[in-house]
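So the structure is just underneath, and the comments pick up after that.
To keep things simple, chains are lettered A, B, C, D, E and F as they appear, and every chain counts its residues starting from 1.
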């Protein structure tokens, strides 16, 4: 992520917590006391957010040094030390909560994504992708966390790809006109994706030249039939509250993509603690 | 929340999703077509975030009208219509995802908080409070969602209250000097809170004049003994991965406050959908 | 364009010119004097930028009323009145230069684009598209101006589509591996475009599955041969200092797209003046 | 230009192009691959924008080193290498377009300005100055580019100098009252300039104490007569679509200043390319 | 002042005080209770800041109505009601302190300025002007307050006028070369001002064509001699800790301008209170 | 103060003064000339603002080196050199005024505060505290300056502590209900403070459990009686135009706290000059 954009996100988070300073540490800790802080995984997790973790400390105090023992995308056991910060004790205490708030969320997303990815049978080319159901203000970071977990990204935003949904179809007067109109506005480097609710709609979308079809809330047998009808003419994306348990079967049925909103909107924060130790 | 500050948060979220427009809707939907959008609870939930939901639409298009059928803090059944937006169809489609991303998170937090609050036995004055483990950039909104769920807030940030933790004690050379030093910097309208890991530390903190004691990872019997020793000289806050199941017993034992990080860092998004219908 | 994002651009422009007020008008013009200002085309042009023109006045003074006599994308003769603002004379004088600076640039782009589009022979499906060679800070506005002129947009930015250039090929060790690697990172809604400098590279790109090929600095005979070899397997984009004069021939040869950097980086400002008249 | 203000302009430009990363380069180029990038003039030009070119790279990646072979204001032949950046290949590819978009515009302005300046006969003290017809958001950069080309700046904005135009005269009830009122509000370090459309107005302005007169759309004979009547009592500025061809004659006639809006609103982008070469 | 720029200043001030809400009023005052708030002068003062006072309330709550009973620049007795705000009681309480912090400072500046202006003998054309010694972030507001008090402004900033000080002279190698060099960079609408410490320097500056001379820390007899030597060839500005008591004599001696840093850096806040009364 | 937040304040101040450069210095001073600048106290003062003074120079030019000879909170005699900056002469001249505008205000506040603190008799625990009557935009800096002068801070803003004023009491229907309602919304780490205008109100507040009482405009005998009635049940804060002369008596009477708005709203700027000397 572009450093000034990342810093802008971090600065806002720091302002929430440190806008009026850290009264306790300023009172209790000597200004020159130095310490080391180790970010320790308290559960098995997939690492993500190393860059943002480090820059939180730098923005509070450019004199902190952060070492990354674990790169993003690596799976670690409970007890693993992920990253180590060394600098003034006041800085480490002041930045602790903000750094962890970022890291715990991003590792949580990477870890959940990795569980979905691990459920894909060997040999399958099924992809797990995210959605636009991200935390307001943190989309770029959360998309990177999904990649760290082995997932892939869906379109970044409403301006950069075409996804025709049921409302669009209704307002355009049918799937075929909707596709035609969308093509007239989209760039020539964008594929046209169409959401379908039934097999009949699928047929219509394929006939009209959809390059990706999104099967919304299809059962497994419906997915099977949809893949059969598509015959490789379009990529098949399955969506709608898909659970971990369905992944192997969806892969077996030949879906190309499963998109999972829960990766970003409902991942539990990973349990990470910061162990701070004064330096002599 | 102060309107310009709320708008700043919303604008950043909108920029993520709409910075390059909404190519699909611009192509497919007539610029003057009007529609109505109903936010429907797909699960039982406690409502929160009405203001931010409404302002998302206003920021996209000042001509949208949003009606709030349910105020924040109200518990509704699945199927309830929370809020209704009416305006240009393009606007509703463009703002939909951002508005829901805010609303689902905030309702999720309010709903989880309400479950903790509901677990408090009648007659108990136990309070459920949040922590600083909030989503970077969304603290004020999430704190309001906790209140909507019936919870209470802990200190807003590091600058506005004293909470002496184990690291502070170690660096200050003991609990008593830490309290004295903290007092010397804090405002006179702030109470001093001290985190303790053992009953021995509790005794020390009380002797040194702590006004609030935070029992970190105490078992129920330890909490009971801590309350006994405190004898009303300080407020007793229990913290450390407290589950819903422990709430009734902690209330019975006489704890004053239970703080729960999961309220904000691990609440699942509430399931809310936006049903859009064209207007004739 | 999202109103808060548009306003942010306008506010920065206004701050450049009006950050210290308008000393002359404040001294010379009565604060309650009202006037009407007509934006008049001093040359034939294609209109663009109506929204930004109007909002410049609104940001200076919410009491101004702006009427749009000509919508974006309309071709007008010299002498046509495009837009009319009415309000306090001080406001009109203060906002005049900033409003015109936007409007003249955007109409200039639309007008130049329309000349390229007009050069396409009837019946051809050739598209004129822009590039990323836009004015820093004004990309979204300039892309809209290209559309107003009848052109189409290329990818919005580096994050939302794949365009493999010669440097990428060199660094990836060939066209085929470059395409494979790009696919592994891109979203599934993005086509892969490859820039080629020779017919041999074209063959390689097509063999590796390129969905769009960009012919860089090809002569007309080379374009003809490239179209022949492509046989509809990919879209053919021609680029590299293409002049107006080549458009008909490129259309005849079967190119799908011509991208023209000059649309945004070298369009002359359209000549528009603001005629201000006091109201009795 | 003040570094934080320059960085703010650059960051906004980068956000337009890199806000979602550079998908192609991230996929295709190794994160540690290093390269060198040479900015080469593809046409004779006057250099400008070295500082902004360099800082674009720094903002993307503080590890890039940029060397300036040519300082601003120097005239170079086609083929000259202006500036050289060395660093991670991904950074160079990501920053390339933004850096060039700035540099091409600024060199274009400097080059056009230099042509006007070169048209001034030896021994003349005529100055070529810019106007407020600058690109919204880039005024300070464009004014510096004019200076790099040997031109001079007019007033920076509406708050810092007095320029009484025809509308002001009409609203103030005449030139003399307009000057008197303007003086009453202006600082004592500002000269009063008055725009005149006729020789009669010129006489009036001079009689009322104008220190600079702007001759708007005067023919050469009218300019000659105006200079004669002014007799050194005021500086004489000529304006209104002045072409390069008129400069020598205007100088000979004794005009002090010629202001040219086209310097900033209609300069063609200078042709500069970035040649990137991997480092072993 | 441009509304978006004024709002940006106000929003930052509000964020300082209301970023976490107004806990007391939210708890104690009903959300629909309405009230009226009267800003009352507790001392004789010259009014300033009406616009910023009103907009503070609007930014908190667009539903507040503010009436201005006294325009800026009017002198009022103790007890006068300046402005009246009516709206929700919570809003009035929340905005009170921020609105008063602005108003008290600006009225304080206007009041002090008016005392200096009142000390000018009838018939004198002496002007009292401010300096760049303004509060960081509030320059435009404070300059307007000086004007409200009957004072005039000096140059706005370092970019818009020439003021050659002793350090410049030393570094340029004398007054004459400094003036020549400054002229080569300044716009042609700017006068050149030179600070002098002695009568000898004054002679030098006048000989070199200074248009304004700043007499720094001159005694009254030195001012008298300086005015005599200047003989109208330049404006004479007196500066350096000038007290109210010296104004009549400086006017008598023929100084044109006295600049007073204390107007903005050391004015006492005017005593204004906000009297809030619930509405039935 | 958090560096990015401090830089944001500084950048805005610099933009006011240097947004268009420093025309005089750019014209007159060689770009490579180096100099040293000494900030000299021209009066006895208590130092404050060292960090902001230094960073002003860094933001203009990262190559400046600033040495702090005097730390914040130290009392110095007239003539003392506080801080020394060394770097390019142009930078020092450009940053001078902004750096001094901050430093003079902050040292002024620290110096005035120190006079109040010095008036406290030996052995008294009376504290001098600030109020929310700070300069808009500079609250955090001014609060730090109060601490540098030996004062203490009151609550930071309206969101972080409870202070029930007369209006709240009126709107809540009495002191007791107001306290109860405030408690229901406040965090458990906040004390409840109540402003009282009479001894009767004091009794009521104490009976209702106020932890801090603010005696508004009490005479010394009233303060004496209030302290007697309070008997240590609450902290006693005295407020309302308290002058330096009353401090010893208020300390003797047993007040715990005196809050003084004038510390921040009416401190005179300390007299500090910057002596710049070229380096060979």
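What we mean here is this: a residue touches a chain if its C-beta (ideal position, glycine included) is under 8 Å from a C-beta of that chain, and two chains touch if they have at least 3 such contacts.
What you see is a predicted model; the values in this text were computed from it and never measured.
Q: Minimal path length between chain C and chain D through chains that touch?
A: The least step count works out to 1.
Q: What's the overlap between the neighbours of chain E and those of chain F?
A: Neighbours common to chain E and chain F are B, D.
Q: In this assembly, which chains make contact with chain D and also with chain F?
A: Touches both chain D and chain F: A, E.
Q: Using only Cα atoms to place each chain's centre, name the chain farthest from chain C.
A: The chain lying farthest from chain C is F.
Q: Could you grab the centroid distance between chain A and chain D? Build each centroid from C-alpha atoms only and quote it in angstrom.
A: Measuring from centre to centre gives 44 Å for this pair.
Q: Where the CA atoms of chain A average out and where those of chain E average out, how many Å apart are those spots?
A: 52
Q: What whole-number Å value describes the gap between the mean CA coordinates of chain B and chain F?
A: 33
Q: Listing for chain B: what residues touch at least two other chains?
A: Where chain B meets two or more other chains at a single residue, that happens at 18-21, 140, 156-157, 159-163, 190.
Q: Just spell out which pairs of chains touch, all of them.
A: A-B, A-C, A-D, A-F, B-C, B-E, B-F, C-D, C-E, D-E, D-F, E-F
Q: For chain E, which residues are in contact with chain D within the complex?
A: For this pair, the touching residues of chain E are 127, 129, 152-156, 159-163, 187-191, 193, 212, 235, 237, 256-257.
Q: Which chain D residues qualify as touching chain F in the complex?
A: For this pair, the touching residues of chain D are 1-5, 140, 156-157, 160.
Q: Where on chain A does chain F make contact in their complex?
A: Residues 7, 11, 14-15, 18-21, 59-62 of chain A touch chain F in their complex.
Q: Quick one: in the complex, what on chain B touches chain A?
A: Where chain B meets chain A, its residues are 9-10, 12-13, 16-30, 33, 89, 93-94, 97-98, 100-102, 104-105, 108, 132-140, 157-165, 167-168, 170-172, 178, 181-186, 190, 261-262, 265-266, 268-269, 276, 278.
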